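After the structure tokens below, expect a handful of questions from me.
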Amino acid sequence: MTQEPWRVEIADKTLSPYCPAVEAWQALAGVGATVTFTGQVRRASALGDVDAIDLEHYPGMSERVLRQLLRDAESRWHIVAGEIVHRIGYVPAGETIVRVSVASAHRREAFDAAAYVMDALKTSAPFWKREWLNGQAHWVDAPNAHLPKPRA
Amino acid sequence: MAPRITVRYFARFREKLGLSEEVIELRPDMQTVNTLRADLALRGDTWAALVGPEASAVMVALNQNLLNVSGEVELNDHDEVAFFPPVTGG
Amino acid sequence: MTQEPWRVEIADKTLSPYCPAVEAWQALAGVGATVTFTGQVRRASALGDVDAIDLEHYPGMSERVLRQLLRDAESRWHIVAGEIVHRIGYVPAGETIVRVSVASAHRREAFDAAAYVMDALKTSAPFWKREWLNGQAHWVDAPNAHLPKPRA
Amino acid sequence: MAPRITVRYFARFREKLGLSEEVIELRPDMQTVNTLRADLALRGDTWAALVGPEASAVMVALNQNLLNVSGEVELNDHDEVAFFPPVTGG
């Protein structure tokens, strides 16, 4: 098994909703479950029809935070492999922004680890969305005013 | 030579401040993240509102690690400090 | 959009871990998140190395229960599309047994709905596993003696 | 003609009982799932242990819907009853 069990990527082009590593993970001895999450650009927003979003990130830190999210997930659940890919730049409506996949022995750990990674990513990974609507771009606000507690 | 740090600004902050990155010489009275923020706030209202010590909707990273914004963290030569609004990825 | 939003299948051959419908769901107006779960034959069991499992089902009822699981999930969360595929027959170690995919506006609903479908499937869908180990087949016991509460 | 039901057995039950399906004529004293189970239990110890009224690790479906095993459900002509052990799919 030469497939890397932990992998992060910042992608600047179209991102498939299918994680190619999942098929390899299924062959690992202890793996009984995989979960793959995709987040994509919603066509409909509160303000109207979204054309696209534009994603800025903090090069270097973004990869670092994504790697740390996988390490955190590994330390909290018995997951044995994981991958996070996050797009940057211009992403048309309907396309994948982020894809998170994990593999574990049992289904609950896979679900919990993937959900945890997404929650933590949303509050700690340095990506910022600008939404394109009616030919105008505006920054997307974070869902609430509370700042996340940074990890110790 | 005085210690120098790199300060970076992202997203809405970068746009409003008209700046993405600068190198700052650390004076003897600017040895922590909080004193750096106090110094930046002196540049004007926009700076004070976005990155000053009273700013609330700001995230701060030191050497690419998120900081507890209330922390009193020491700065060293070659450190990289970043200010940005709450993240909205994923 | 001609893609069926709700679909179940009983499959008697190799099942990809990738749900082909997910890509189409991403284009639907309200979809912001998808989750795909796969359960596969673990190579390692408490008794040793597993060669394969053999899956019996109750034809007719199995499809009916899977359809009902999607309806239940739809009534409890705002999911807008879903698919369940379950294999039957001889499934070699490492291959997919079941694949559940859902799409929704927000990530938590997608995670919760997929996890719910898997939990309910495990206790109410009429499939039975026989494990092949060292050339011998034995029925797999349900994880506990408690019988599930059937739905009203 | 007396009403008839189909009774099906799956997995370990099918193997142990040596039967996957049978058609049973409903006598006047066999109008519910529970009286059917009592009647099946009279066939011998294996039957009583697996599908009899005292059996605990049994699931029962009527017309392909899971039944609450304590329920007293009426049987009708052409009904399909199934007995099987706790499911282990997924």
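Residue numbering begins at 1 within each chain, and the chains themselves are lettered A, B, C and D in the order written.
One rule holds in what follows: contacts are C-beta pairs under 8 Å (C-beta built on N, C-alpha and C of every residue); 3 or more make two chains touch, one makes a residue touch a chain.
Just so it is clear, the structure is predicted and the values come from calculations on it, not from any experiment.
Asker: What whole-Å value do you get for the distance between subunit B and subunit C if each is reduced to the mean of its CA atoms?
Answerer: One centre to the other, that is 49 Å.
Asker: Just the number, please: Cα centre separation of subunit A and subunit C in whole Å.
Answerer: 23
Asker: How far is the middle of subunit A from the middle of subunit B, if each middle is the mean of its Cα atoms, in Å?
Answerer: So the centroids are 27 Å from each other.
Asker: For subunit C, jot down the residues that touch at least 2 other chains.
Answerer: Touching at least two other chains: 39, 107, 118.
Asker: Where in subunit B do residues touch at least two different other chains?
Answerer: Residues 90 of subunit B each touch two or more of the other chains.
Asker: Is the chain-to-chain touch network here best called a line, a ring, a star, complete, or other?
Answerer: Contact pattern: an open line, chains touching in sequence.
Asker: Which two-chain combinations qualify as touching?
Answerer: In this structure, the chains touch in these pairs: A-B, A-C, C-D.
Asker: Contact residues on subunit A for subunit B in the complex?
Answerer: Against subunit B, the touching part of subunit A is residues 39, 55-58, 60-61, 64-65, 86, 97-98, 118, 121-129, 139-142, 145, 147-151.
Asker: Quick check: in the complex, which residue numbers of subunit A touch subunit C?
Answerer: So the residues of subunit A touching subunit C come out as 16-18, 22-23, 26-40, 42-44, 94-96, 105, 107-108, 110-111, 114-115, 118.
Asker: What does subunit D use to touch subunit C in their complex?
Answerer: Contact set of subunit D toward subunit C: 8, 10-12, 14, 56-59, 61, 64-69, 82, 84-90.
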